[in-house]
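Let me give you the structure first, and then I'll get to my questions.
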Amino acid sequence: MKDNLDRMPEECGVFGIFGAKDVASSLYYGLISLQHRGQESAGIVVSDGKNIKSHKGIGLVDEVFKDFKSNEYKGHLGIGHVRYSTSGGGSIENCQPLLFKCKLGQAALAHNGNLVNASTLRHQLEQQGSIFHSTNDSEVIAHLLSRASSDDLEGAITSALGQVRGAYSLLLMTEDKLIAIRDPLGIRPLVLGKRGNEYIVASESCALDIVGAKMVREIEPGEMLTISSEGLQWDNILYSKKRAFCSFEYIYFSRPDSDFMGKNVHAVRKNLGKVLAKYHPAEGDIVTGVPDSSLSAAAGLAEGLGIPYESALIRNRYVGRTFIKPSQEGRIAGVNLKLNVINSVIKGKRVIMVDDSIVRGTTSRKIVEMLKQGGAKEVHVRISAPPVTHPCHLGIDTSSQGELLAANNSLKEMTKAIKADSLAFLTPKQLLEGIGVDDGLCDACFTGNYPVKMGCCK
Amino acid sequence: MKDNLDRMPEECGVFGIFGAKDVASSLYYGLISLQHRGQESAGIVVSDGKNIKSHKGIGLVDEVFKDFKSNEYKGHLGIGHVRYSTSGGGSIENCQPLLFKCKLGQAALAHNGNLVNASTLRHQLEQQGSIFHSTNDSEVIAHLLSRASSDDLEGAITSALGQVRGAYSLLLMTEDKLIAIRDPLGIRPLVLGKRGNEYIVASESCALDIVGAKMVREIEPGEMLTISSEGLQWDNILYSKKRAFCSFEYIYFSRPDSDFMGKNVHAVRKNLGKVLAKYHPAEGDIVTGVPDSSLSAAAGLAEGLGIPYESALIRNRYVGRTFIKPSQEGRIAGVNLKLNVINSVIKGKRVIMVDDSIVRGTTSRKIVEMLKQGGAKEVHVRISAPPVTHPCHLGIDTSSQGELLAANNSLKEMTKAIKADSLAFLTPKQLLEGIGVDDGLCDACFTGNYPVKMGCCK
Amino acid sequence: MKDNLDRMPEECGVFGIFGAKDVASSLYYGLISLQHRGQESAGIVVSDGKNIKSHKGIGLVDEVFKDFKSNEYKGHLGIGHVRYSTSGGGSIENCQPLLFKCKLGQAALAHNGNLVNASTLRHQLEQQGSIFHSTNDSEVIAHLLSRASSDDLEGAITSALGQVRGAYSLLLMTEDKLIAIRDPLGIRPLVLGKRGNEYIVASESCALDIVGAKMVREIEPGEMLTISSEGLQWDNILYSKKRAFCSFEYIYFSRPDSDFMGKNVHAVRKNLGKVLAKYHPAEGDIVTGVPDSSLSAAAGLAEGLGIPYESALIRNRYVGRTFIKPSQEGRIAGVNLKLNVINSVIKGKRVIMVDDSIVRGTTSRKIVEMLKQGGAKEVHVRISAPPVTHPCHLGIDTSSQGELLAANNSLKEMTKAIKADSLAFLTPKQLLEGIGVDDGLCDACFTGNYPVKMGCCK
Amino acid sequence: MKDNLDRMPEECGVFGIFGAKDVASSLYYGLISLQHRGQESAGIVVSDGKNIKSHKGIGLVDEVFKDFKSNEYKGHLGIGHVRYSTSGGGSIENCQPLLFKCKLGQAALAHNGNLVNASTLRHQLEQQGSIFHSTNDSEVIAHLLSRASSDDLEGAITSALGQVRGAYSLLLMTEDKLIAIRDPLGIRPLVLGKRGNEYIVASESCALDIVGAKMVREIEPGEMLTISSEGLQWDNILYSKKRAFCSFEYIYFSRPDSDFMGKNVHAVRKNLGKVLAKYHPAEGDIVTGVPDSSLSAAAGLAEGLGIPYESALIRNRYVGRTFIKPSQEGRIAGVNLKLNVINSVIKGKRVIMVDDSIVRGTTSRKIVEMLKQGGAKEVHVRISAPPVTHPCHLGIDTSSQGELLAANNSLKEMTKAIKADSLAFLTPKQLLEGIGVDDGLCDACFTGNYPVKMGCCK
């Protein structure tokens, strides 16, 4: 379900497999485990070495696969994709993987990320006579591949990706090959796993777990991995000495049971809570977190402060996609469809509430109000990340800068806006401390230091 | 989603509303908040004072309401039902509410519970010429109502319910009245709420919260509440000095944000964890709980033992209803589709794992195995309830006695069966202590002391 | 598709089979061939001798069977039903066959016809404590069966049908028996066929043809035929010396390739056209018929008058159920979505147009207008039936008397109302001559002489 | 429904409208009236002058529009398409209209016909770096447009169509223009109509009738008509002195109420029957036609021979798309699901049966058998077209030459193969006589004289 809690929306998830006897069920379960990365559409492409076939649709993985005829999708390699729709994208044309035919033969593409020069490239390609059916960046990459002067796939990939700028974790598939590529800065994650003689590539390690595969290693920034019947081939096709892994993968996007760079997401989040305790303590009786993504940080903060952790906010698991316009009385709306407060837990208490981000601030204010109506004496808000002051152009559909609360308000104004008794954020430096690295993260949404050049010219 | 984690399955949820300008959206959100009580079918019945109309279907509330035309369901009173299907029940005929016409006029019934003499009554009714379309107990009650000698509804209800034995929280609706009745032992919950001039009756208080209503009080055992344009009328129509509220509503079924008898479910569960700590301590490095229902008890145990609570088990939120037969390799199956372990949290640790029940034991064994494979040095299992040794006949679809692990094995055998390093349960007395009452709970599944006479004769 | 051409609407069709290895496909094709008798809902019930299972739904047979899982419906006997919905009947509860359980065991009913004392019986049954879920007459019959004092099925049937009055061709099924009964007047048709060792009972003989069965004979009025593993048993359970076969089965309802009482429907219709020529000639250049049901009569009239028959009206085969509100310009509407005129055929001609009935007259007027706009010099309308002056209470959903054009207007007024240059009908006597019988037909809609007593008392 | 009667399959239908206040309902009804030209998929594209939006799907028009939200498709111009799927084409990617974006802006294409050099062009385009998503010829045309050196649309069209060879009636749409083009030989039909200030372009004139428009004239071979807010502009962009209108549009494809070149299709068919009577008479007692397409010719033959026309074959209107595998007894299959014989009409008679074509001959043989089993003494088959000896490459999905009965057998052998007592065809010259023209028709399937050069080189 699309989360209306004013968080940073997820972008996409990719999953590929080579060598299985029957790939469809693995693709299905892999996408299920990556569903949190995108709920607008889902799709798979399967090949038996000769024929490529796709199954795609709008909706959750489960809905898209409702009428799936698995016996028509036999094959030993395949890729899948879940998509978070940004502007205007709820149409079938935008569902991935993108299946296409060109001089290199038949191929399919699944893409997680965002190209910053996509519209420039699109315009150039159109001037050269290309036609577009979707608004996907994937279609831009497909055109660059098909127009590359090289006649072999690997050459075409190198040429095509040399022209794009931005974030991408890319799965490319032909009738008999699975190719995984990660952008030179490593902005979006991509991991390799193994199950017997089968290889699996996925956005997160939790997708390896669900299909019973073991993590081998991450695809490194700039690497291209080709998996075929001749085994694995690793190539470094793109180079950058800089690294810019999205810090929000740690803060909010990824599942807590996934690992990146050897660090478990839940453990990192808990540590962010401890760093909050160290630099931004608060006086309170209990600590509580906004479910689900802030629970780890809240536990860390509670541990750091030596104050009991309590579950004061309960999430309604089943609020769904059907939205019946609530009655005119207007009493049923918004946040309270998603969250409920256990009054007995907070009555008369000073509550320290942990959340992982404030975007527009409307949700934070409503949760603070709910807690106060439920009897909380004070509500102190602690955010396990720095203030979001700049929009992301690398794969996250943030609000425009004008809507970002932190871009336009002082800490004091923000505290008042969300009706909290106190408010604190991590600094970018404290974020690094919490994650446990010195460098190598993209923090553009906190600092405006974008790791790639924005604008139209390369 | 149907939980395959070998828990006690939920039974049903009911929701009724009187006095709203537009009841359909409240019914929808009320059922959404009760979805955890039943996922097989959902339905509503709405009346504008003259015409009664129903909308029902197989599936989650969201699926059933996908094509709902709200402007065709105008009205100021209505009832709704979510159903957990027991044997053979996945058919449309078994969806509730049951809408029927008899000499008393048109009426609709929604029922949570189970009658122990339903098959006897059914046989008697058939001999008298009744016909049945479903296998629901509700249809038995409808026949008893329609055959009662009394010509007024209240008299017919008293007569009908005088013949049934078992658990029921019942909503009955005519064109212009909403009637709520709870069985004389109060086995299943039923609460009354108020929102402005509107009244709401629901299985749990969390359903009042979602629609913005305030709790008034519980419908007491044996009470009948009639809500009409003339206001509320309370009648005591059934009497028993005994009380037998289902203890599993506290232990597992209900949402943590619901309250019964003035006690919050989350708080009770946390306290059960503390009682576990008091009587059944274990030496360990961390405490973890099986999500979602055991997290409160695990937090209580951690607090009681002074050992850190850690989230070692992560639930896959999206594993759904479409089940694509996993690949023949058999690696993808069962518990690991639902749960994943964070290895870094448990590596080399002595883990105290809290769960709320052991039914057949298969799930417990798999979770213990997952934890050990993930690197746990020891796994000590603590159950926040007594051993389940007897089947429930009052509304829960437990396994037959032959399948119940605790019915046929000693504690030592059970410990071995689930591959744990140690295992402990609460005793029935410790359960009462944890809930904070002296008496008044049904503990038949732990003791075999059924609160109503079983068998065919009244 | 529901015909909007202001004809007498069809009512229902029934189909049963005993002895087949796999009945589902025969039921499907049988219902397809009877689809013209009812398009609102369809359903089948199948038994393998032990378990009875039903599949029903709203829509055309094809839509209802879209997701049919034939391997879950194995069995050697079954019955099916297509339904034309009358008032308020588009709900799933009203779909037939009706499956129910009573003291006689499990049974299913499929019914074509209409009981004139249904509401009286319904009221009496309610007073005795019966409950109703639908507005179907079938449910009344089910209650009478279940309340019969007799403990064997045949006795119960005799007792139940002794209380009903009206039109019925009834298929009743238990786990191992198929029973076919026709009302004592034989108002609705019912035929028996044979295919190898299998027996088939259906509303029309065209349903025997499609499954490759041969006609054995009609079920005679008042007969009950029981088909079981012991063979056929014939009983005369209801007696009337009168016969009252619905004349509209010949005139309009039935398929032209069906036979009743040894007479082919197409041949009868053609003969009705010849009788029109004999008694109601017209001067014209061409004869044309309104497709599809009037084509046979038009051919007969053309032959009788020695004037060429021409296809001037073409039916749009695909106008369907989705109705997108036509544009406000109002140019797209009604009859011209169903019919188109070939102008070149009629330009400057005196056209004799044959139709099989005039109900409200609106369609006739529009067709006459279309022909005149297409260039016809004169339009002479000839109806292959008498004027409909009385509503049917025996299974056809005619308009109320107030809406019947012929009930309230002289021939001259009618001629003017439909803008024809001349208009003529058959007389009831000429209708008998055309069908080729002296007696034994129900002509109540032309004469008001209902073959059964109307009103509430038996 | 896909016709299994071994006829020449239909290809596609197009419909466009400019100037309406609300185009969606007109597009829907227009496509409904062209449904006989293609039943595999349907789609529309609508523009309000700024935004273009498409709605497409697999299935009949009615199915595709089941969930259509008409208020989201406001606009004053639009095009629609119904598609008959040839090889491998049942996928959503192949549904038309094709919506795409290129340097000329956004555009949509709907195409009826077949390019004989499509695979050559496709290969060339791929070599130049184009990518393909479908197997449609439309996509080839879109690429040629987008790669044309001209920067204005009209120039690009002239350049693109200068490269293609074959049959096409093409609708092209931008945000504010509707362009209709017909190939230089005029192989597929395309007509212009007017309704008030609105213009409509459609494959057949019956589509003008259903929306209440009047025929203006046909788009002539090689013409391009541009409709915009500035009115109509006619251009001759392609020239050929040859004309090659598909004769099968008269013989079988088109609706009888459509007109081409001033000749009504029904009238032409009836005349073909008369020509059959003149050159290929038979001795018989009755004439009958295979419904629906052969009824006009049969009537003409009957008139020509002075023998009565009789409806001996009845078509089952509802046999549909759901195909439940018939029972193993194999008695239910093939032709008899589509057609039924009225035995009483043919018993003991010498039957002259008219059909419009023999492709593989299997259907003809089965119908002859059905008639003989029904009691026909003799069956003389008369075909209202010449023998089909060559496959069509211009838009009709005929069998390959090896399967064509007439390509490999003498008349005597064919007569024997279909078990007829005699068999006759029209000659190509008699076909012209029947249609009433001297020249200008494509008769390649009868003669092998293809009007365009086949093979890979232009």
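As written, the chains take the letters A, B, C and D, and residue 1 is the first residue of each chain.
Definition applied: a residue touches a chain if its C-beta (ideal position, glycine included) is under 8 Å from a C-beta of that chain, and two chains touch if they have at least 3 such contacts.
Chain labels with UniProt names: A, B, C, D = Amidophosphoribosyltransferase.
Keep in mind the model is a prediction, meaning the values are calculated, not measured.
**Student:** Shared touching chains for subunit B and subunit C?
**Tutor:** none
**Student:** Quick one: point me to the chain whose Cα centre is farthest from that of subunit D.
**Tutor:** The chain farthest from subunit D, judged by C-alpha centres, is B.
**Student:** Where the centres are mean C-alpha positions, what is the separation of subunit A from subunit B, in Å?
**Tutor:** 35
**Student:** What whole-number Å value describes the gap between the mean CA coordinates of subunit A and subunit D?
**Tutor:** Distance between chain centres: 49 Å.
**Student:** With chain centres taken as the means of their Cα atoms, state the distance from subunit A to subunit C in Å.
**Tutor:** 60
**Student:** What are the residues of subunit B that contact at least two other chains?
**Tutor:** none
**Student:** Classify the chain contact graph as line, ring, star, complete or other.
**Tutor:** Shape = ring; chains linked end to end, path closes on itself.
**Student:** Could you run through all the chain pairs that touch each other?
**Tutor:** A-B, A-D, B-C, C-D
**Student:** Over in the complex, which subunit A residues touch subunit D? Could you list them?
**Tutor:** Against subunit D, the touching part of subunit A is residues 92-93, 99-103, 126-133, 142-143, 146-148.
**Student:** Give every residue of subunit C touching subunit D within the complex, in rising order.
**Tutor:** 20-22, 24-26, 28-29, 32-33, 35-36, 60-62, 65-66, 68, 70, 195-196, 206, 209-212, 255-257, 259, 264, 266-267, 292, 295-296, 299, 303, 308-311, 314, 316-322, 324-329, 331-332, 336-337, 340-345
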